[in-house]
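The same chain A turns up in both complexes below, where it pairs with chain B and then with chain C.
This part shows the complex of A and B:
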């Protein structure tokens, strides 16, 4: 967390993450160039750039889209999520190189504005075989640009979390457009079964992971809870580790119950920053700390310590013997609730 | 994610899971059958004599072959085309090959071939037609 907006709040993990990304990009591009010139020495530089950067962007987009569901399925993938924004911005830059070189090569030599040319040079919108696939790629690039441009916390704070999240969920539309851009474009001329199979496999894995992770969470949401006078039974005190949380579901929402300093407190599980799972974080310096980006909240009132202003909903708890119960009705974000003593 | 976002995610991915494979399968089924690598093998070297020459501002075309007829189309592209994505077809709309940067391209052709067409497959436009 920081008081002022900075371009990047660098730390050791981010530097390591970005170094790995940078090396991956360099190795991929060099490898692509070597393989291309080895197998087809007549390939022009423009074609090489368009293909290398386009395929790299697609590969990166697949990895990015796998990270979310993988972390929901297995927490060991969590480190990949930590700096996903840099991954996304880099992916956009790779896609932009592909897009800009394609526009220069295919649309700048005529007497029509290159952007107009993308939409009007082929008007065969009714045909699947001759569909103007570049339009699909261009629209996907616009979405990726909007996402990259608004990826900074400044925009998250100023657009509101709801708008920001809705905008960034457009990546799924961008992904669909990209896959159609490939199949209706490059694959209409390049019919290598290997490439076709690889992209098909990638799309299958992405869709399957998201659907699997989504329906896995349905089970958690619909898990039956035993109820006593409107209070939901959660667990016994011993089931919660010190400075950690136990998660439960109240009225479809996830709630994290933290044990710390001989006390218990419950807050809504979703961090106001980017929706990180607070219940997978821990208490650091007396504050619940989000595992994604380190945003902090006081367990007794769900408020970020001053001067920060983020707030999450709080819940009443009661202890009967060593059994922990929760009132499923949430208090307004930031409402103080006395922690129960163990 | 909050509950409504989780539901929206599930809905979006189920929709993508249904629609995307459908469109992809349709696209694959309708892929034109002109595998460049098999039909349009470019002839790298040639020793065949020139039977006919055609020249324009853009091209110089040499038809090479034997007394039985032309066997190779040698296309010297003088300057890069305004449509850099260009495919050469014979008079029966078989793909001969793809041309891009200026240089020499050689393609095997049928002796009875009467013309070639150069098309831009991205813009779906005919760039030029040349009678041989």
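This part shows the complex of A and C:
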């Protein structure tokens, strides 16, 4: 949230996150170099850089793709999600080092333009065993560049959240290209079966996590609601923890019902910033705080506290005994609704 | 035939990037402010950070500037 754009949105937690990432990268690269020179002292520096940065980028991409479903399965993984954007940009930079050094080593020695050389030095596009796998890596790198280049909040605001999200879903296409790049490259280059096995295992884990998290969400969305005069029964008051929310689905939309200061309020679950799940956040300083990037909304009217302007839909609630009911008809974003007292 | 097609596609890609580069220079100095007033309040380093994204998304940005 801000009245201008910052170069990098850093706070104490994000700095710690980035420091851990930086240390991880340094330790991985040093470790890779030590193992490589110990096992094969003749390895050239260029080859070491290509392999070290390439394998690091793949490892980081796997972790990035696991973070989303892991947080949907278990909220304890939420801190990993908090600064995934920086993780993604760093992963692109590692992939870019791998790509640039590969182009220098394999495509700059002749008199053909290096980019043209990537696509035309091997025209065996019909072959599985001799496929020009570097083309796949290049295309994946273009997609990762597009995502890293549009990761700033400016793009989110100006491309619209829907377009931005759709654009960033291309990470799955990039991942598929990377996997094909590795496996098709393995037919032509000296590649360790251990590496191929690890990549195969990684892909299996990513697919399994997405399927499992998807089933979990479908279960919430399809949970049967009992109706009473148009009001949907949600849960007992005791089922909602203080300063936390209970999520439900009304007319196909996810809604978060918050309990705070002896009151209950309901707002649409989707944060206006980046589509984060407000119901997985908590009340901080009297405001619903999105777990992804800290965007805040007042529970009584779904509006960000002044001078900010983001708004989410609000809902009417009623309490019968200790049973919480919700009117599934949403109010326009930012409409004040009196909280119900417990 | 395949080689010629690939070279044509690479040239188109190169032209796209070149136009994006030239438009990017205009965008970081003037265009960004036209579509988002918050940029005027931001440091110039933020606009420089937008440059790579501008190269990638220039057709969208030009459309947005004309609509404004």
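Throughout what follows, the second predicted complex is superposed on the first by the 338 of 342 C-alpha atoms of A that agree within 3 Å, B and C clash if a C-alpha of one lies under 4 Å from a C-alpha of the other, contacts with A are read in each partner's own complex, and residues count from 1 in each chain.
Note that in this section a contact is a pair of C-beta atoms (placed from the backbone, for glycine too) under 8 Å apart; a residue touches a chain by one contact, two chains touch by 3 or more.
These numbers come from a predicted model, not from an experiment.
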item	value
First, second, both or neither for A:165, with chain B first and chain C second	first
Contacts of A:196 with chain B and chain C, given as first, second, both or neither	first
Partner chain in contact with A:183 - chain B first, chain C second, else both or neither	first
Which superposed partner A:22 touches (first chain B, second chain C, both, neither)	neither
Touched partner set for A:157, first chain B, second chain C, both or neither	second
Partner chain(s) touched by A:119 [first = chain B, second = chain C, both, neither]	second
Contacts of A:105 with chain B and chain C, given as first, second, both or neither	first
Chain B or chain C, by number of chain A residues touched	B
Partner chain(s) touched by A:149 [first = chain B, second = chain C, both, neither]	second
Partner chain in contact with A:46 - chain B first, chain C second, else both or neither	first
Shared chain A contacts, counted only where both chain B and chain C touch the same residue	none
Touching residues (chain side chain A, partner chain B) in the complex	42, 44, 46-47, 105-106, 109-110, 121-122, 124, 128-130, 134, 165, 169, 172, 175-176, 179-180, 183-185, 187-189, 191, 196, 200, 203, 207-208, 210-211, 214-215, 217-218, 221, 252-253, 270, 275
Sites on chain C touched by chain A in the complex	2-3, 6-7, 9-10, 13-14, 32, 35-36, 38-39, 41-43, 45-46, 49-50, 52-53, 55-57, 60-61, 64
Residue numbers on chain B that touch chain A, as the complex places them	1-3, 5-6, 8-10, 12-14, 16-17, 19-21, 23-24, 26-28, 30-32, 35-36, 82-85, 100-101, 103, 121-125
Chain C-touching residues of chain A, taken from the complex the two chains share	2-7, 113, 115-116, 119-120, 123, 125, 145-146, 148-150, 152, 154-155, 157-159
